[in-house]
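Structures given as structure tokens follow.
Across the two complexes that follow, chain A remains constant while its partner is chain B and subsequently chain C.
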Partner chain A sequence: MPERDPAWNGRITACVVMIIILWPMLVMAEFKPWILLDAQSLGATWQFLSTFFPPAHSAEFLEMLLYATWETIAMATAGMTLALLGAIPMTLIATERLSISRLGTGRIAAWAVAVRQLVRWLLILLRSVPELVWALLLVRIVGLGPTAGVIAIALTYCGMLGKVYADILESSDSAACDNLLRNGSGRLAAFFYGALPSSASELVSYTVYRWECAIRGSVVMGFVGAGGLGQRMDESMKMLAGDELATMLLMFVLLVACADGVSAMLRKRLA
Partner chain B sequence: MKMETSLPVAPKMRASTMALLLGIVVLVIASFVSLPLKWREFLSAEAVNTTIEFLRGFSPPEMATPFLERIASATLETLAMSAIGTLLATVFGMLLSLFASGRLGLTARLLTRTLLNVLRSIPELVWAAILLIAAGLGPFAGTLALAVHTTGVLGRLFADTLENCPPLSEQTLRLNGASPATAFLYATLPHCSPQMMSYVLYRWENNIRAAAILGVVGAGGLGQMLKYHLSLFQMHQAATVIIAMLVLVCVVDATSFALRRKMTR
Partner chain C sequence: MTILFKSISVRHEGAAQSAFALRDLSLSIGPGEQVALIGPSGAGKTSLLHTLACALKPDQSDPASLYHLFDQDPWQLSSAERHALRSRLFLAPQTPPLPPRQRVVNAVLAGALPQWSLWQAVRSLVKPIDPARAYAALSKFNLQDKLYARVDRLSGGERQRCGMARALISSAELFLVDEPLSALDPTLAIQTLEVLQQEARTRNATLICSLHQVELARAYFPRVIGLRDGRIVFDAASNQIGDADIAALYRNREDDAPVPESPPASVATVIPRC
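Coming up: the complex of A and B.
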């Protein structure tokens, strides 16, 4: 009976290779865990953490917090609505399912390919720039406050929704839509009666999931000055007000949990 | 001949679904009404001019070699942050998932799952802002922030994988006298590791994107450069950083797409 694990040599080699690759990375990321344990850093951390308890709970602060939370939800919702307004027409243009020249030959007319590709590139550009970078730029254009956040969400999510919508439509069964188009129906009618019914639940469920992501995203965008809970968090952090931060973090965890629950419920109901 | 055209009766909508849809409409309207949105300032001729002026400031992007070298090193820093953050998260996620999968008691399971949920629901950027106090400005704080958030995500996914793993092979080893640790390492772990590996790779992909922007709170990488140059109104340099971010995101997307295609075929 072999006493040794036959895979042992391979594992040792893999570990050594990993360490050789990892070493320069550790240097580059300035990975120095011991600075966490040095007296000065421990002192600062301890001082900060000790202000966490008790969490801030004055009526005035809670009122402000509730308003900031609502602002976060409203930013996400308004941003999603604007994103939908942009994404739906772009999807209709970009999806190959509604191509008429494709019918029969399977080939799409050259100019139609060009238009579709153009819209796709636009969608790629919109979603490749991270929402935080959009927010950072927009804050410089429209000033501090939720407007920048709403537009940033609208731009990024328009790109994501448009792409995924087109993918969902193209991956569903094409028979109904093709039949309608072949028999002379208009594209919009073919979309509503042929393509939409079979993929509606998937589209709705993805939209709701993105709304949930937008809530998380709008908190993050607050850190660059785009309003909502994030901006308040950033302010408290800069003043090292641990008690306020503790309440806000609690609120945030609750908000995410609620959004999670609501989104699961909506997906189940509307699907 | 006239054809009888009678459409099938439309399916009835339940009252509660109607209420739900109405609720969504109310939410949307309330959002737009309550937010102090400055559309007028955004859409006025003057605002359009400022925007155009602002955008024109970006071109041409700074392309001097020393600057490009700094961009390259910041990109490598971003990649290193994401890789180490993910690696740390894999280790800690693995450890916590042992508790969270209910192997070591139900109380431990509940407590660990709550902890993982909290870690997971606070975004990387917020963690980074908090950890700056303990770890100081720079990529280390960003790495830790990625590690903390990703531990929450991976711990939960690993725990679910372990719970869903068919228990038969581990039980067989145990019945034949293997110790619990050996039985886990030689039966359950190999069974689950491909699934876990794919979760890790998926999170790494996400973390590269996250690492690129973490820097705007001062946690290193490309984001820190962007924030720095934007604050000094050095638009040409900022444009180059944004282009570098776009390229990074696109390369990661394309690589993961190609790998996925290769692996699933």
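Coming up: the complex of A and C.
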């Protein structure tokens, strides 16, 4: 039996290197978690948290909350729908697996490479601007309210969905799609009969997850005036109304749990 | 001529200069001919089928080389014209290319995709356009009960026959079939082969089939091509091929030891699929 584990030295070295790299970063980020625990902070935290209980539950408030929640879901869903309208065609263009000119040579025609690259750059551009920044810009253009949030989600998520859809399609089993193309079917037919059934459940589960993210994103955008649950949360936060905040956070957990349930159900259907 | 090859060489995609999959192949196959391709694993059977299917571009450094498919050189055509040519052939890979979550009826009807418009293709996903045609094709392989089953409920052999049913749906004039029998028991293998050959005969299509079952190849195909190391070792009528030719074809590479007596049957079972 060998005297020592040959991987041991490497692991120790990796740990030491990690610490050496991470330490300056923590210092630079002014990471001082012990501030959380000094007496003054603890007192302030306790004071704020104690207002959380009991959560607000007056009929008037709940009605407003339901309306705001509905607005948030509507914003996320409308934004996702617009994002999908842009992302699906761009995915179909960007996916190299659906290329016909690559058959036989492995090389894609020059103009096709250029078009794909353009679409990929467009996707990068769309998703590199965070939705919050889009929302801030759009609030100036279209004014306060959900429209800004919807367009902001549509723009950023179009970029994310298009990129990840293309990646999912590229990384799934290629045999079905390749064979259809080699036997002379069109690009879109090969997509519907080869690539789509090979990766449908991954695509659906990613879409639902993104929808969940869109709900969270639309709440954050509410803070900059894009309406929905976020705007109400901002108001309650400024008034230090912990009880209202508690109800909103509970609603929030519920929403995400629901999205998770929908995703699980759809995946089970498609599995 | 369906196929006319003169000194065709093929390199693997992205392989180094010298890595030839096929070397200096000359070959001509007429319409309606039925040809078996045999040879040890790695001999280039699949590469040859892919080259015939315009799925692999031959090396064009040799000016004497000539490649005609349906009396045209596919690599002189535009990409669109070449793709139109592809719809006249049917390449069936050894592993049936069926997505596990697809229903059998869609997997089989996909053979008609080159003839369908996009609208028909999408509509057929919602409600199969021509289930009777898929049923008829499946029933030739005794799979009619599986019409609306999902592909992942099928056994390996059933999937392979499902892939063959797709071949029947296509309107190909040239069938290029890579080891259609690898997952089938001997009885089913013969039945499947007979259905394929019958279909090719009925529509006067050319059938080229790579096989590891040497005995089946000699018994069922009038013409057999032996490949080894990317070269054609023999190309002859099956009644002119002797046991010695077969033994030489499959002789062990390293020690050149002769293959034991009655090689074909044992060869078929021993040699792993490539």
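Rule of thumb we're sticking to: the second predicted complex is superposed on the first by the 215 of 271 C-alpha atoms of A that agree within 3 Å, B and C clash if a C-alpha of one lies under 4 Å from a C-alpha of the other, contacts with A are read in each partner's own complex, and residues count from 1 in each chain.
Methods note: a residue touches a chain if its C-beta (ideal position, glycine included) is under 8 Å from a C-beta of that chain, and two chains touch if they have at least 3 such contacts.
As the structure is a computational prediction, the values presented were derived from the model and not from experiment.
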Which partner, chain B or chain C, touches the larger number of chain A residues? B
Applying the touch criterion given at the start, work out whether A:270 contacts chain B, chain C, both or neither, answering first, second, both or neither. both
Between chain B and chain C, whom does A:121 touch in the aligned arrangement: first, second, both, or neither? neither
What is the contact status of A:23 with respect to chain B (first) and chain C (second): first, second, both, or neither? neither
Is A:219 in contact with chain B, with chain C, with both, or with neither (first, second, both, neither)? first
Return first, second, both or neither, reflecting whether A:77 touches chain B, chain C, both chains, or no partner chain. first
With the two structures laid over each other on chain A, which partner does A:175 touch: chain B (first), chain C (second), both, or neither? second
Going by the contact rule set out at the top, does A:100 touch chain B (first), chain C (second), both, or neither? second
Overlap of the chain B and chain C footprints on chain A, listed as residue numbers: 270
Interfacial residue positions of chain A with respect to chain B in the complex: 22, 24-26, 28-32, 35-36, 41, 44-45, 48, 70-71, 73-75, 77-78, 81, 124, 128-130, 132-133, 136-137, 140-143, 145-147, 150-151, 216, 219-220, 223-224, 230, 233-234, 237, 240, 245, 249, 252-253, 256-257, 266, 269-270
Which stretch or stretches of chain A touch chain C in the complex? 100-101, 103-106, 109, 173, 175-176, 178-180, 182-186, 188-190, 192-194, 197-198, 200-201, 270-271
Mind pulling up the chain C residues that touch chain A in the complex? 13-14, 53-57, 75, 79, 83-91, 93, 95, 97-102, 106-107, 110-111, 113-114, 116, 118, 121-122, 125, 170, 172
Chain A-facing residues of chain B, complex: 16-17, 20, 27-28, 30-32, 34-39, 41-42, 47, 50-51, 54, 73, 76-77, 79-81, 83-84, 87, 117-118, 121-123, 125-126, 129-130, 133-136, 138-140, 142-143, 209, 212-213, 216-217, 220, 223, 226-227, 230, 242, 245-246, 249-250, 253
